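So, here come the structures, one by one.
Below are two complexes that have chain A in common, paired first with chain B and then with chain C.
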Partner chain A sequence: MTDNQFMGLSPQEATLRVEASLRQRRKREKRFRLMGLAAVALALSFLVILFTGILSKGLPGMFQYYVQLDVELDRARLDPAGDLSAASLYSGDAEALILEASLASIGEEEGRKTKRALRKMVSSGASIRLIEFVQSNPQVLNTKQTIKFAVDDDIDSFLRGFIDRETPEKDRRIDDLTIDIVDRWQAAGLISYELSDYLFFGSASRDAEMAGIKGALIGSLLTLAICISIAFPLGVAAAIYLEELAPKNRWTELIEININNLAAVPSVVFGIMGLTIFIVTFGMPRSIPLVGGVVLALMTLPTIIISSRAAIRAVPPSIRDAALGIGASKMQVIFHHVIPLAMPGMLTGTIIGMAQALGETAPLLMIGMVAFIVDIPAGFMDPATVLPVQIFMWADFAERMFIQKTSAAIIVLLAFLITMNAAAIALRKKLERRW
Partner chain B sequence: MAFTTQLSLLLIIALAFYTFAKRSVTSARNRGELFHSLPNYYGLWVGLAASLPAILLLILWSVIDIQLFQHWVRDYYPAEILAAGGSQEVVALAKVENLVAGIRFGDPEAWVVEASSAWSAWEHSSTTAKTVVALLLSISGGFVAYRKISNQFRARNAVERILFWALISASTIAILTTIGIVLSVLFETIRFFQLVPPTEFIFGTEWNPQFEGAERAGTGGGDAKYGMLPMFAGTFLISAIALVVAVPVGLASAIYLAEYSTPKVRATIKPLLEILAGVPTVVYGFFAALTVAPMIKQAGESVGLTVASESALAAGLVMGVMIIPFVSSLADDVINAIPQALRDAAYGLGSTKSETTRQVVLPAALPGIVAAVILAVSRAVGETMIVVMAAGLAANLSFNPLDAVTTVTSQIVTILVGDQEFESAKTLSAFALSTMLIILTLGLNFFALQIVKKYREQYD
Partner chain C sequence: MILRLAKATTTITVAALLCTPAMARDNVSIAGSSTVLPFATIVAERLGRNPAFNTPVVESGGSSVGKKGVCDGIGTEFIDIGNASSRMKTGELEYCDANGVKLTEIKVGYDGIVVANSKNAPQLKISRSDLGKALTAKVAVNGELVDNPFKTWSDVNPALPNIAIRVYGPPTTSGTRASFAEIINEKAFCGKDSEMKAALAAAGQKAKTCRAMRTDGAYIEAGEQDNLIVQKLQEDSETFGIFGFSYLDQNSDSLQGAQLDGVEPTFEAIADGSYKASRALYFYVKHQHIGVVPGIQEYMNEWLKHWDEDGILADAGMIPMPEAERDEMTARINELPVLTADALK
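Up next is the complex of A and B:
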């Protein structure tokens, strides 16, 4: 017995012993508490590290370097057919005009080496930009205009300081002549660092300086539109049946077990199901938002059903009883009283489910939404990719500038997700009712 | 988008019927006639009769006619393609379908042109017939339903019965999805096991399906081996690393939040931690591959260790961070469910808060915590993007966290992304791996639920 050790002690001695053990115990208490605090701090510091890592890389990725050139918009050369049609403009000499403008910008007329260097310094999308500019403002033809063009991604990396001018020329991605031209441009104040319009309005491209997320963003929206229009009605209907109408029997139990199991199935498995059922068996095309949306809907269905059931359960029975008491039918009780009262909870669950679907990558890789798609999707049956998959593809590219563009795309994705989650929280706070 | 047009046409007709029926019942009521139900229900009844059967027919027809075309178009294939079967036919079908969609690759063969023009003709007549039949069905359905309306007709009961069945069928989607998942992997897995014996797959320690092409071409260079053990070893290694991070941190923060923090602190910290779970996995993958992996490599090499540039450690650590909120919020729920009376009893005996937590609360919450950890394992095993981006593809049977390993999910993704021949053992092996993955995750989930169920009722 532990009591025995205190037998025969004088009261003073006993007090001393107890005090000693108390000190020990208080110390242990403090240590335990600090451990918990440290764990929370550690977890939060991971969050901080993750976000600073992404932000520090991604914020510069939202900007890029442009060079400002005075281009002589000679109509005869730009638009050989003279009708401003796309065919005529693209067969025109836009590229040469830009090259001449860049030669003029450094005050040189000729020189094969200079020309060759300059051709690689302005983004290869510059001529398209020039043509689009002319198409939307035909009055500028035959005048001299100052236009900003993106610089090539190597020049961009050099300007950001990722390429060291001290490294020997043959180990560098850009040669001495190029660096000299960049210096001259900078001295003339032609280089500017601005918010990247390619990032937000460009579509997929192998050229880092031209790559943008517009196509992926629209693909994401189309996919989510399909996803929500399937998952929300089905999820709410299933929740209503299970909470309000289902008898307690084996069939109902089977449905509930299935819902719980589906919530635990890895997302990549839903992709495999989409691949075999929709693409191989039903012969639907690959890479389309329709299939992606259906797959994501099936994946988010358990989340929506579970949260909708919780919302329905939170509606007090007295409301149902009151409605039944004045002669409403079961369906009238559900559709006139229970659903409107449970709606905030259901919407919250749906928004969280949609946020999950927006960030999902693996199932969409399975159904081929990973293809390199330049065109901006116009409908649910057009090949498309989505934002997370775009991030995955960019992460694989070697160019330095893609790392920043990827981080910038991640920031856009996170901004969407945080907005959606904040909306869910706000909705819950605003409409939540305590009965 | 013919389908959307047809659908909106049907909906407009249904809306017209709804308004018409509702209005005629309303005016009859105003004349003093008595009806069983409110006018709205008569409108709904007619509107549903005008739309539901027609829409169902439309969907069914659209699914079936493509299957029929795919069958009929085989008459146009040259004999050698039909003889070769399998993947040749898939290619032939793709050629025809591309041309139908107006996509031309070079100069298509004569039979492709012929087949695709026949296909277009079928498609055209099918669409016309479909539209006409659906419209007729819709209008006649609406009229029949409208004729049924009388003072005695119980429209509300009829509409509610339809609604009831609609709700039931929505709830069966969960079962259909499960069946879909099982069927989609089952057949391919069986076909795989016809090519590779199950024992070789389950107990094999070598995995190199990339030799498959060479083997079939007969150029030698080694046999393709399909042993799943290296991948499961990799999966468990990475999951174990993730748990070493997530369980202590998650559990300790759950204890702190549940037992020590004030409600206000808890209300701010908990959502912050849950942000970690809301960050898309592709972001974690990017972070692991670009920031964590090089850091670990550098740190390891500075103390003289050889570290693979895609080490299991990097993927595991980042995955652990992702799982922290998963463990902490589940454990938090469990700890909060322990009745206050137990704590009060311990305080009454003079124990400190930490003693109460360690010796009373945690033992009582243990089953729930174990279940939470098992669910976290299941999550880690099924996680895909982090390992695809950060763990590499080398199928090493290794338990060294500094080596590159591969996992089940990353192999599935690598094999199935892009266009594959659907007949090869390599492609089929991905389905066998998925079957194993499903069995494993569902098993873990089932196990966790059993634990929860068995020990839950103690304090209720």
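Up next is the complex of A and C:
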């Protein structure tokens, strides 16, 4: 045995052995990297599929077809009482004026069949639009005005090519006469394809062409406002108490376990609690954002407490010690040092909790917020629904145009969520302090 | 700063919560069947266009939620009107009586239940009895009740196509499912088929046993989303789906309804009763709330304007009642007779 032997191998053999094992190690590392890369690629491709699916369906849903009609705004017929009040305009003859205008647009005066077809071709909300237009511009009365009205959802689907002209007439949603009128409108250049104002400024409607998300969006905002104003102060206060002030004993341990358990409770349970406590016991009305907000606050509370506690724990003890060392009281340490430093973490937790609350429908089912609500809520006590509920309801209606409106609403909800998450990141970046 | 803000908001919220008394409601509150919902919402929206009234709030939940919810009690925290796609049972009415709730029953129209498939495949022509035989969980084989053994439609009846039985349909919570099981499985198949009757008697079972649908993959529950079933059928031409007539009506260019006993599921055939798979749609209105919550009477009157053959409800797929029945219901809306157990028998 000479000195330059290693584990009974000659130097050459040892080098070979090491090189071989090294090669294998590198190969293994490469394989591991590739696996990681593949996982990321897979996740990304799912995201891409999801987004292209939603965007390809949803973007067309942001647009819809309008028809342009010259309406004779005869005051005596539109506003019989002559005071431009809502009641007077409602009792007026807006619908007949629009029908006459659409008859004139195809150059016909009479014809029962044509009238019947036309009545179903312009959106049933056209009279509301006309009334609103007259209310905000009274000077147009007794003149002839060119106004754009949404076409009925069946016509919209036809113009998009979802209803095939070649299908036999009896299998089609629209008859030959209607198609003929659409052709004449198109030839006269009266049809236009524009960004849908109904989608953003309209409320829930059973007429797909008029349906919009404004009511649900405001409902969501009202509900979240209640939710954050309850959950944030309560959650932060609870976290500070548990982390800084509470004695460490069996009771606080029990509370801690329960908070963690609460975070895992299915959200529908909170809805049942909301029903029995707020609606049945306190006699609050159903379907209002106040109750919805409280229920969602209870649901997000554990999330906020847990993340706030983590943020407080992340504040280095040296800062507390230094403050105490120069004579600060316990309260001064907490309010002057710990909370400002923990705030970014607390806010991130809160915003993530809010984003979760924004997407919830299950807890709202029991308290009547999963409902068809047309009137736009004006306050915390008005019946309201929220965005995800609106999406859920639209997805189930039989009319075809609702499919695109559903995807368009999903885009709005996603944009909302992304904004909230971006705000969370921006806040953290801005307030974060490193030590 | 943030803390002061937080303090202020908490104070406000707590104050708001404490100062909330049991308050009056100024919108009609409706809940119940998801089959009635598309029509009830149309009527509600039309009423809401009148500036004198708020738009009624219409919640979903299913027929049982409608019938139970309206009977839960008197007071504005409870709903005013319950929608249902199946008639109230005497047991459900007893719950109402126990809570002191007085109701009037209004029938608003009919909904056809269709079995449909893609237009790319041949139309199914089937008898109701065979349809029940294909989908009931337990059938008679050699005089004994066994798990349904039929794999293909031609196993049920050699005249039917030789493709696997695969039918998408609603889950147990659905009124459509309950009606289908009652009309097709229980009445048309178990109530008529002599072999089945004998086997049921031998096993000591009632015809109600037949309401169970197959669970071996021939009948597939597709959730309450009928649009999902429609999509499935458009993609796979060998499958069938069970849903309400309005979905067939909206997709008549790509889907076709199966003939039941030689009758096509058309608007006219459902309306005149020759197409047998249909059920009535109801709402139940609570007397004690009329005059307390504004708009209930007007909501009922709004139905009258839209429920005939040319109305917007027919356009949305609801099958109107014959004129005599409409007149009867109009009288009920005006006179509001109290629903009694005798009337339900």
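Note that in this section the second predicted complex is superposed on the first by the 399 of 435 C-alpha atoms of A that agree within 3 Å, B and C clash if a C-alpha of one lies under 4 Å from a C-alpha of the other, contacts with A are read in each partner's own complex, and residues count from 1 in each chain.
The criterion applied here is as follows: a contact is a pair of C-beta atoms (placed from the backbone, for glycine too) under 8 Å apart; a residue touches a chain by one contact, two chains touch by 3 or more.
Owing to the predicted nature of the structure, the values given are computational and were not obtained by experimental measurement.
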Overlaying on chain A: chain B and chain C, fit or clash? clash
Looking at the overlay, does A:Ala357 come into contact with chain B only (first), chain C only (second), both, or neither? neither
Figure out whether A:Ala94 sits in contact with chain B (first) or chain C (second), or with both, or with neither. neither
Could you look at A:Val370 and tell me whether it touches chain B, chain C, both or neither (first, second, both, neither)? both
Identify the partner contact of A:Ala150: answer first if only chain B is touched, second if only chain C is, both if each is, neither if none is. neither
If we overlay the two complexes on their shared chain A, which of chain B and chain C does A:Val280 touch? Say first, second, both or neither. both
Between chain B (first) and chain C (second), which, if any, makes contact with A:Val269: first, second, both or neither? first
Is A:Leu190 touching anything from chain B or chain C once the two structures are fitted on A? First, second, both or neither. neither
In the superposed arrangement, which partner chain does A:Arg206 touch: chain B (first), chain C (second), both, or neither? second
Applying the document's definition of touch, where does A:Ile403 land relative to chain B and chain C: first, second, both, or neither? both
More residues of chain A are touched by which chain, chain B or chain C? B
Clash with chain C: which of chain B's stretches 23-31, 95-103, 131-139 or 203-211? 95-103
Touching both chain C and chain B, counted on chain A across the two superposed complexes: 233-234, 280, 282-283, 365, 368, 370, 380-381, 395, 403
Listed in rising order, the residues of chain A that touch chain B in the complex are 25-26, 28-29, 31-33, 35-40, 42-44, 46-47, 50, 53-54, 233-234, 237-238, 240-242, 245-246, 254-255, 258-262, 264-270, 272-273, 275-277, 280, 282-283, 298, 301-302, 305, 329-331, 355-356, 358-362, 365-366, 368, 370, 379-381, 388-389, 391-392, 395, 403, 406-407, 410, 413-414, 417-418, 421, 425
Applying the document's contact rule, which stretches of chain B touch chain A when the two form their complex? 1, 63, 66-67, 70, 93, 97, 156, 160, 163-164, 166-168, 170-175, 177-178, 180-181, 183-185, 188, 248-253, 255-257, 259-260, 269, 271-273, 275-276, 278-287, 289-291, 321, 324-325, 328, 352-355, 357-358, 375, 378, 381-385, 388-389, 409, 412-413, 416-418, 422, 430-431, 434, 437-438, 441-442, 444-445, 449
Going by the contact rule set out above, which residues of chain A touch chain C in the complex? 86-87, 90, 120, 124, 128, 163-164, 167, 171-173, 205-207, 226, 229-230, 232-234, 236, 279-280, 282-287, 290, 294, 335, 339, 343, 365, 368, 370-375, 380-381, 383, 393, 395-400, 403
Taking the complex as given, what residues does chain C use to touch chain A? 2-3, 6-7, 9-10, 12-13, 16-17, 20-23, 25, 27, 29, 31, 34, 37-38, 41-42, 44-45, 48-52, 54-55, 57-61, 75-77, 79, 224-227, 246-247, 249-253, 312, 315-317
